[in-house]
Amino acid sequence: MKIGFVGLGAMGQGMVGQLLQSGHAVKVWNRSPGPVEQAIEQGAEAAKSARAVAESCELMVSMLPDDHVIHKVLVESKALDALPKGGLHVNMATVSPGFARGMAALHRRLGSHYLAAPVLGRPDVAAAGKLNIVVAGVPEVRERATPVLETLGQKTWPVGDEPERANVVKIAANFMLATAIESMGEASALTRAYGIGADTFLEIVTNTLFAAPAYQGYGKMIREASYTPAGMKMTWGLKDIGLALQASQEERVPLPFAGVLRDSLLDALACGDGDKDWSAMAETTARRAKLDER
Amino acid sequence: MKIGFVGLGAMGQGMVGQLLQSGHAVKVWNRSPGPVEQAIEQGAEAAKSARAVAESCELMVSMLPDDHVIHKVLVESKALDALPKGGLHVNMATVSPGFARGMAALHRRLGSHYLAAPVLGRPDVAAAGKLNIVVAGVPEVRERATPVLETLGQKTWPVGDEPERANVVKIAANFMLATAIESMGEASALTRAYGIGADTFLEIVTNTLFAAPAYQGYGKMIREASYTPAGMKMTWGLKDIGLALQASQEERVPLPFAGVLRDSLLDALACGDGDKDWSAMAETTARRAKLDER
Amino acid sequence: MKIGFVGLGAMGQGMVGQLLQSGHAVKVWNRSPGPVEQAIEQGAEAAKSARAVAESCELMVSMLPDDHVIHKVLVESKALDALPKGGLHVNMATVSPGFARGMAALHRRLGSHYLAAPVLGRPDVAAAGKLNIVVAGVPEVRERATPVLETLGQKTWPVGDEPERANVVKIAANFMLATAIESMGEASALTRAYGIGADTFLEIVTNTLFAAPAYQGYGKMIREASYTPAGMKMTWGLKDIGLALQASQEERVPLPFAGVLRDSLLDALACGDGDKDWSAMAETTARRAKLDER
Amino acid sequence: MKIGFVGLGAMGQGMVGQLLQSGHAVKVWNRSPGPVEQAIEQGAEAAKSARAVAESCELMVSMLPDDHVIHKVLVESKALDALPKGGLHVNMATVSPGFARGMAALHRRLGSHYLAAPVLGRPDVAAAGKLNIVVAGVPEVRERATPVLETLGQKTWPVGDEPERANVVKIAANFMLATAIESMGEASALTRAYGIGADTFLEIVTNTLFAAPAYQGYGKMIREASYTPAGMKMTWGLKDIGLALQASQEERVPLPFAGVLRDSLLDALACGDGDKDWSAMAETTARRAKLDER
C-alpha cells in the first residue's frame, strides 16, 4: 500500500520510522524541511507539498498540531481534493469534535474517506510502535487502515462510526492526564507544607495506588522539578483543556475540574512557563502557598 | 511480643487475622461484640475494655474510624493511661495532623510512645497482609514496631519523626483517590454525551495511561454503576476530604480540587447516596448534565 | 447629523426611539422586518440593506448580538466599505477584544473611523435614554460621537484610545453580574436549607448591603422564580461568560469564578432553561441540593 | 431596663455608646481593660466579670468574636448560670448554627431566654446606631429585646423562631460580601491586563450596576489598595467562610463559590496579608497573573 504522511513533528517522526521499518513505502511532507531529511535517510520519499503527497497515495496519514494548522495545510491548500477517488485520510491528531465532523463531511463530498485515529502515548512510545490508538469511522474504512494502525500501535480501540467520537475520547483522556498532574501538584504542596518532600510523597503514591504510566511519567518530572525538554508543551496543554471545555460546552456538560485546570495553566503561563512541559502546572499550588519562602 | 488491638472494623478484622496467622498473641477489644467473636475463633483473646487491652500489652494497635472516636475510646476512657511504662501505641487510622500532635504530646506525658502508621489499601488488601504502611515516629519506636508492620504490610514507607507527617501523607493520598474518581466521572460524562459509553471509555484509559489499582478498582465500580457494598462509604469520603481541607487551611495551602470534591460529595449525599461507596460521586456530573434523560 | 442604525433588537429599538425623539434623522436596517415598521412609525427612514445605511450616513451605530453576526452583516456584506470617507462606525455591542482589534484595523484600512461604545443597562433603560456607555477610541472620534452618546446615555465613561478596552470593561461588568446571580443563588440555597425562604433572605440583603440595581433587578426575578420574558437569555449569558474566559485566556489571567459560572450555566441549560433569563442560573444550587424534595 | 454588655471590641464599643446615649443604664465587661475605661467615661458601669454582668441585669447583650470565645467567656465561666430566672441573653455575634442550637438548649435548661441578633454593618455603622439587625427567637423574646434593638439598629429583620436562622442569614450575607470582593478582584485583574486601571474600572461599576454599600466600601479599599486598618481582618474572613462551608456541609448544599473564596483567602494569608482587611483578597488574581511584573 502506498502511504503518505504529512506532519513530521516529534510524534510523526517516530511513526514514519516505524512504518518504514515495517517495509511500507512512505511519501512524506512537512512544513519545515529538517525532519524530512531524517525521514529520507530512513528510506522515505519526499514530496513537494501536502497536495503532492495526497495525489500519489492510497492512504494518507496526517499528524498535525491542531484544527487551524490542518485546515490550512490540508483544506485551504486543496491537498485533500487531490486524493485519489476512494482514497483514505487517517487523521491521528487531537482535534475538536466539530472539526472532525467538518472533515468527515468534506471527505464525503470529495468521494474520499476519513478515519479519526488519535493516539495515547508520547514521542518515545510512538517511535517504538507501542501507541494506543483510539479509532472511529465506519468498519470498512477501519479495516482498510488496519495494517498501518497495527504497525504504529500496540493496540487499537474502536469507539464507533462517527469520527468525532475518537477525538472526544482523546480529549477526555488528556483532560484526565491534566487532572493527574494537578492532583499531584496539590497533594505534594500539602505534604511539603508539613515537611514531607514532594519526592518522598510522590514516590509512595506512584509506586502504590497510582502505579500507572501517567502518574509515573509526570510524577518523575515533578519529583525532579525537571520540565524541559517538554514532551507536551504548556501551551499545547492549554489548547487541549480548551478542547475539553469547548466539547463539554457544545453538549452542556459541566466540568468543574476543567475550570481549575485552565486557571492553573494560565497561572503557570503567566509565570513564564509556557515552553516547559505542562506538568510544570504542578508547581502552581506550591507557588501560591509560597512554600519556597517558608 | 504481647500485642493489643482495638477496633475490629472491616480493616481491623483482616489485620488481626494476619497477626494471628503469623503466630502473634493478640488481645482484642471492639465497641460492638460481633467481630470479637470472629477474632476469638481465629485465636485472639478478648478483653473487657480498651483499657484492659492497654494494661496487658507492650504494643497496642488501634484502628478506629476518626479523631472523635479515638478520643472517646482511648483518651476519655483513660485507656492510654493504662499502658505499661514505655509501652507503644501504634495508631493506624486516618486522623488529622492536629490530633496526631495531641496524641504524641499525651503519650510523652504518660511515659509511653506513639507511632502513626496509617495504611493504603482496602479491606481485602488488609486481610492479605499486603497493605502499604506509611509510618512516622522516632527511629527507635519505628524499629520496635517493625515485626508488627512487616506482618501487616508488604512495604513500610517512613516519612520522618513527627507522627503527624504520616497522617498528612495518608490524607493527601485519599485526596488523590477522590480526584481520580471525580476525574473519571467528569471525563466519562463528557464521552457519554458524545455517545461513547462509560464502560468503553473507562476500559480504554484504565488499561493504558491509568492502569493503576486506584483507577482500575474505582473504574470497575463506575463502569458497572455498582456502588454497594461500600468499601469506603460516601460519608467517610466526605470526612477525609474534610481532613484535607482542614490540614491545608492550617498551613495555608490553597487546594482548588478539594473544593470541587467537597461539592461533588455533597451533591451525591443530597441525592441519597450516603451509604454507597464514595466512587458514586462519579455520577454527579452525568446527573447535572441530565445524561439519563437525553 | 445623518445617523444610520443597524440592529433593532430589544436594545436597538429603544435607542432608535431616543434618537428620533431628540430630533435626529435616523436611517435604519434590521435583519428581520418587524422592528423596522415600528421605527418607521416613530419617524425613522428604512434602508434596503446595511450597506445602504452605511452609504448615506456620517455616523453609523450598530447594535448586533455578537462577533459572528457583525462580521456577516457588516464585513462580509461589504457594508462598511460603503461608509463615506472619514465616516464613523459606533459599535455598541458586546464583542471580544480580538474582534474589536480587527474592526479597528479594518476601518483604518478603509479610511473610516471606529468607536467602541458598549452599554450597561437593559432594554427599559435603553428606551429611557438612561444607559451608561463605556467608550474607547481616540479623542477626536469620541468627540464626534458625543451628541449621539449623550442622547442615548445618562453618562459616558471613557476608558482610553484602543477600542478593545471598552469591550473588556463591558465583558468584566457582565462577568460581575453573573457572579452576583450565582452568589444570590448559592446564598439563598444555603438559607433555604435552614428554613429561611429565598424571598426573606434576598429581601434583607438587597435592601441593605446589596441595595444596587444589579442585585435588586435579578434578586426580584430570583425571589419570584419568574425568569420569563428573559431580559438576557441564558444562552447569551453563556456567550458572555465565554467572552470573559477567552479574554482572560488571551492575557493569561486566571478567573476561578468564571469557571464556576460556566458550569452553572451549562447545568441550567442541560435542565432546559436555555430560553429563560440567565438569572435562572440561581436555581442550580438549590437543584443540586435537592431542596425541593426535602 | 438594666442592660449588661459583654465584649467591647470595635463593634461593641460603638453599640454601648449608642445604648448610653439613649439613656439606658449599661453594665459592661471586657476581656481587656482598655475599652472598659472608655465606656465608663461615657457613663457605663464596670463589672468585675462576665458573671457579675449576668447577675445584675435583665437583658445581657454579648458581642464576642466566635463560638470558641463565647463558650469560654459565658459558658465555661458559668456566667450564663448567673442570669436571673427569666433573664434574656441577646447574642449579636456571628456564630455557627450548631453553636446557636447549643446555646438555645442551654438557656432552656437554665430557665433563661436566648435571642440571636447578628448585625450587618461595620464599626462606624454600629457607632451611629444604624445597623441592620437580623433577629431570630420566639416572638415574646423578640418583643422584650425591641427597645435595645431599636436603639442599636435602623431596622430589625425577623427570620423565625429558631435562633440558628439568624446566624445562617448572617453567614450567607458575609459569604456574599466575600464573593463581591473576589468578583471585583477578578474583574479588575482582567481589565488591568488590557490596560484599564482598577481605579477606572471599579469607579464605573460601583457607580452604576453595583452602586451598593458593599461594593462601594470594599471597592474604595481595592481602588486605593489601602487595606489597613482592617474593618474585617483577613483571618476573621477565613473564619466566616469556614462557617459557610460548615453550615452548607451540615445541610448538604454544594457551594462552589465558597471553595474558591477559601483558596483566595489562603493565598492571601500565605502572602502575609493576615492582618489586612479581607478585601485584600482582591489582589490574589492580579498576583497570580503577575500583573505587577508586566
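Note that the chains are named A, B, C and D in the order they appear, and that numbering of residues resets to 1 at the start of each chain.
Rule of thumb we're sticking to: a residue touches a chain if its C-beta (ideal position, glycine included) is under 8 Å from a C-beta of that chain, and two chains touch if they have at least 3 such contacts.
This one's a predicted model, so the numbers in the text were calculated from it and none came from an experiment.
Peer 1: If we look at chain A and chain B, which chains touch each of them?
Peer 2: Intersection of chain A and chain B contact lists gives C, D.
Peer 1: Greatest Cα-centroid separation from chain D: which chain?
Peer 2: A
Peer 1: Where chain B and chain C touch, do the two copies share over half of their residue numbers, giving same, or under half, giving different?
Peer 2: Interface between chain B and chain C is built from largely the same residues.
Peer 1: Based only on mean CA positions, could you tell me how far chain B sits from chain C in angstrom?
Peer 2: 52
Peer 1: Approximately how many whole Å separate the CA-defined centres of chain A and chain C?
Peer 2: Taking the mean C-alpha position of each chain, the two centres sit 38 Å apart.
Peer 1: For chain A, write out the residues touching at least two other chains, lowest number first.
Peer 2: Residues 248, 252-256, 258, 260, 263-264, 266-267, 270, 288-289 of chain A each touch two or more of the other chains.
Peer 1: Would you mind writing out the residues of chain D in touch with chain C in their complex?
Peer 2: My answer: residues 97, 120, 132, 134, 155, 157, 159-160, 162, 164-165, 168-169, 171-173, 175-177, 179-180, 182-184, 186-191, 193-196, 200-201, 203-205, 208-215, 244, 247-248, 251-258, 260, 263-264, 285, 288-289, 291.
Peer 1: Spell out the residues on chain C that touch chain A in their complex, using ranges where they run on.
Peer 2: Spelled out, the residues of chain C in touch with chain A are 238, 242, 245, 248-249, 252-256, 258-260, 262-264, 266-267, 269-270.
Peer 1: What residues of chain B sit close enough to touch chain C in their complex?
Peer 2: Residues in contact with chain C: 256, 263, 266-267, 270-271, 288-290.
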